[in-house]
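Please go over the structures that come below.
Below, subunit A partners subunit B and then partners subunit C, in two separate complexes.
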Partner chain A sequence: MFLQVNHIQKKYKDKQVIQDVSFGLEAHQTLSILGKSGCGKSTLLKIIAGIEEQDNGHVLLNGKNIGNIKSNERNIVYLFQEPLLFPNLNVFENIAFGLRIRKLASADIEQKVEEMLDSLELKEHSKKMPHQISGGQKQRVAFGRALIINPPLILLDEPFSSLDVETRATMQQLYKTIAKKFKITALFVTHDLKEALLMGNRISYMDNGLLEIFESKKAFIDADKTGVKSEINFWNNL
Partner chain B sequence: MFKKPINIISFLLLFVFAILPLVLGFGFAVAYSFGLIGVLNKGFTLENWLALFENNDVVISFIYSAWLAIASLTISVVVSMAIAINFNKKFSKGIYSYLVYMPLAFPSIVAAFFFAQFLGNAGILSRICYQLGIIDKIQSFPNLINDQYSIGIIIAQFFLSLPFFTLLYTGLYQTERIDDYTKLANSLGAKNRQSIFRISIPILFKKSFPNIVLYFIFKIGAYEVPLLLGRSSPETVSVLAVRKLQKFNLYDIPQGYAIAVIYTIIILSLLMLVLKTNKNEYDI
Partner chain C sequence: MSTTFKKRNIFLWLLALAFITPIITLFFLSFSKNWQFPAILPKQFTLENWRYLFFSGGNIAPSFVISLVIALSVATFSTLFGFIASKYIAYHKFRSKLLMLTYFPFALSPVIFALCLKFFFIKMSLTGNVEGIILAQLIIAFPYSVIFFTGFWSQKIKQYEDLVATLGGTTSYAFRKIVMPIAKSLILVCFFQCFLISWFEFGLTSIIGYGKVETLTIKVYQFITEANIFYAALSCCLLILPPVILLWFNKKFIIQQAK
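After this line comes the complex of A and B, so read on.
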């Protein structure tokens, strides 16, 4: 397994946010994690990213335990619910950020960023500041900024939750395209059923600090707790 | 222009209490400096303005005031930003959040007297150093009051402005989500030093720039601290203007008003700069 998570546990004061989570993920696959607010899915991502520390368990990336590696040295990118573009940098510099801190040559940076802007259809916005572009464009910049450093693993924490329905659908399509193009390995957290089904090669459900990975999409749909059946019934009985 | 009566009232209040006094005061100063009004003036003349620029006193005074404001502000901004970045949690609640307000309770004149007593050649610090055996005579202590480099003024101004900037930056640290940006920068591979210099400091500086300019305007006009802790030459703008307006030679009064006119023009230009900087900030 490319990513192996073993018996992760996390407690905040009296609340056991993550009880005991274990799973594996092959390279170039996206695992959707569906769950209600407060079920521990964001905490799980933060632990894998190194932003939070687990109480027990360990995370292996490509067979190597990354528990003692600082977040800036893990090369795992955590994408927040909001795009969080650096407000002091324009679109070009936001995407170039990861390359600049790695001290790449200016010509290389320019070439890579131009290519990324092209892939994300953001070329005409490259000189704009974050407050001058729309929510969907911001999210695309955030993707570009993460992808350009070619991270082995991307953690997406409800990245489209703040977007309107139409932009969200466009971004979901865009993600599918770039995931294939850049061979992304990712964990995609969402509380939206349809999004979980659309985005993941594999689908899981998190509840009360426990994670269950389903064998297939059919198994996910058939399980009562995921709420897919009640959603289907709702639309059928309308 | 005015869609509701309340808009007319608010505009009138703004005009009567904010704009009108400023315009009248400025007009009075201009008229006085050109000899159009005033008991000893005899009609329009450029003499007062020419006399003002006969020597470099006024130019030096403006440069000196700007230097004092820039020096004390730079130290305050750097120290308070460092506090906000490194100890923001401590200063957002608990005893530290109260302690930081303390210097705000000191009027400038009290702070000036305190530093005169504390930093003077035979002051408290000098005596402590003597008792500790750091210096062999009390008079050996370096002169920090009325000194050549205005160190006493800069320290006093720093003391007075530090709480303002500490509160500003600890507030901005929370509202601008610097913690989230730092985590994100780290997740993209930045070391702590890189995220501080490439992200935290530029965001804090950009957001506080209007406040820095406004505080600069406030400090360039400082009177009590430079009067008590500074030398007689060079003088700050306010000290020079007050000397011209209130001291012995009545023929110097128009020059005092001319200084006030120059000062007002510089301040208004800086305010325009602030307004222009804040313009065009919008979200799509």
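After this line comes the complex of A and C, so read on.
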């Protein structure tokens, strides 16, 4: 397995946010994690990214335990719910941010950023500041900023939840395209049933700090707790 | 022109007049001599007051420099350390208790506070010198700066820092490239406020300074108690000069940048 999570546990004060989570993920796959608010999905991603520390358990990336590695040395990018573009930098510099940290030559940075801007259809916005672009464009810049450093693993924490329905659908398609193009390995957290089904090669459900990965999309649809059946019933009885 | 607009204009002019009149009066007094009741105007207009205070033993120039050194030091240290300390307090699990402590210096009047501290300052040989006054004023300005910056350290700033970390940047890189540029305007405003706190401070300075360190504010009080309104007015003109320059700087650079 490319990513292996073993018996992760996390407690905040008296609340056991993550009870005992274990799963594995192959390279170039996206695992959707569906769950209600407060079920522990964001905490799980933050532990994998190294932003939070687990009470128990291990995270292995490519067979190597990354528990003692600082978040800035893990090379795992965490994408927040909001695009979080740096307000003091323009679109070009936001995308180039990770490359500047890695001290690449200016010519290389320019070439890579231009290519990224091209694939995200953002070329004409490169000199704009974050407040001058739309929500969907901001999210694309956030993707570009993460992808340009070619991280082995990307953690997406409800990245489209703040977008309107149309932009959300466009972004979902864009994600599918770039996931294929850049061979992304990712965990995609969402509370949207349809999004979970669309985005993931594999689908899981998290509830009360426990994670269940389904064998297939059919198993996910058949399980009562995921709410797919009741959703289908709702539309059928309308 | 509508009536409401006219009324608003008149009100603004009156407000401006209320602010400017005392300043004009101060300048007027600083160039005056021999003004005795019931004369409407002074008998003499002269540069003598300015000449005396700067060149013939009035000691205003050294006081101006001392005040400037103290205020700049207090503003620099309190803003810098306040910015850093506020971060640790804002994200600390005992945040509210620690914040409550920072209000403590403001619960007492500066004079009573200075009297409480005097013993420790004497023990540490920090009375009657500039270093002691800087330290004493920092006890007021530093907590102010901490309170000022605590609101800045929001969940969003924390997320920016976490994001920089996952992109490969260290804490100091995030601080230099993202946090500092975002906080730049706030830092300048805090510096300005701390400068003013120090510049106009009298109670702490007179008690800890033992009268040996004569800041411009101390000088003004001396002239007032001597009933020398001309010298007092002149020192007041000097007293308002740096804040006016800072205010202009604030308006020109910070407000324009925000626009």
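We take it that the second predicted complex is superposed on the first by the 238 of 238 C-alpha atoms of A that agree within 3 Å, B and C clash if a C-alpha of one lies under 4 Å from a C-alpha of the other, contacts with A are read in each partner's own complex, and residues count from 1 in each chain.
Criterion: a residue touches a chain if its C-beta (ideal position, glycine included) is under 8 Å from a C-beta of that chain, and two chains touch if they have at least 3 such contacts.
Just so it is clear, the model here is predicted, and its values are computed rather than measured.
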Handout entry: Partners on subunit A (subunit B, subunit C) - clash or fit
Key = clash
Practice task
Using the touch definition from the top, say if A:K103 reaches subunit B (first), subunit C (second), both or neither.
Solution key: neither
Problem - subunit B versus subunit C as contact partner of A:I133, first or second or both or neither - result: first
Exercise for the section: Report for A:F86: first if it touches subunit B alone, second if subunit C alone, otherwise both or neither. Expected result: both
Exercise for the section: Pick one for A:K64: touches subunit B only (first), subunit C only (second), both, or neither. Expected result: neither
Practice task
Classify the contacts of A:V77 with the two partner chains as first (subunit B alone), second (subunit C alone), both, or neither.
Solution key: both
Practice task
Pick one for A:K218: touches subunit B only (first), subunit C only (second), both, or neither.
Solution key: neither
Handout entry: Selected from 41-49, 257-265 or 275-283: the stretch of subunit B that, after superposition, runs into subunit C
Key = 275-283
Practice task
Using the superposition described at the top, list the residues of subunit A that contact subunit B and also contact subunit C.
Solution key: 49-51, 70-73, 75-78, 80, 84, 86-88, 97-98, 101-102, 145-146, 149
Practice task
Spell out the part of subunit B that touches subunit A in their complex, as residue ranges.
Solution key: 176-177, 180-181, 183-192, 194, 198-199, 202-203, 206, 281-284
Handout entry: Complex interface listing, subunit C residues touching subunit A
Key = 156, 159-160, 162-170, 173, 177-178, 181-182
Exercise for the section: Flag every residue of subunit A that touches subunit B in the complex, lowest number first. Expected result: 49-51, 70-73, 75-78, 80, 84, 86-88, 97-98, 100-102, 131-134, 145-146, 149
Fill in the blank from the handout: subunit C partner, complex, touching residues on subunit A are 46, 49-51, 70-78, 80, 82, 84, 86-88, 97-98, 101-102, 145-146, 149
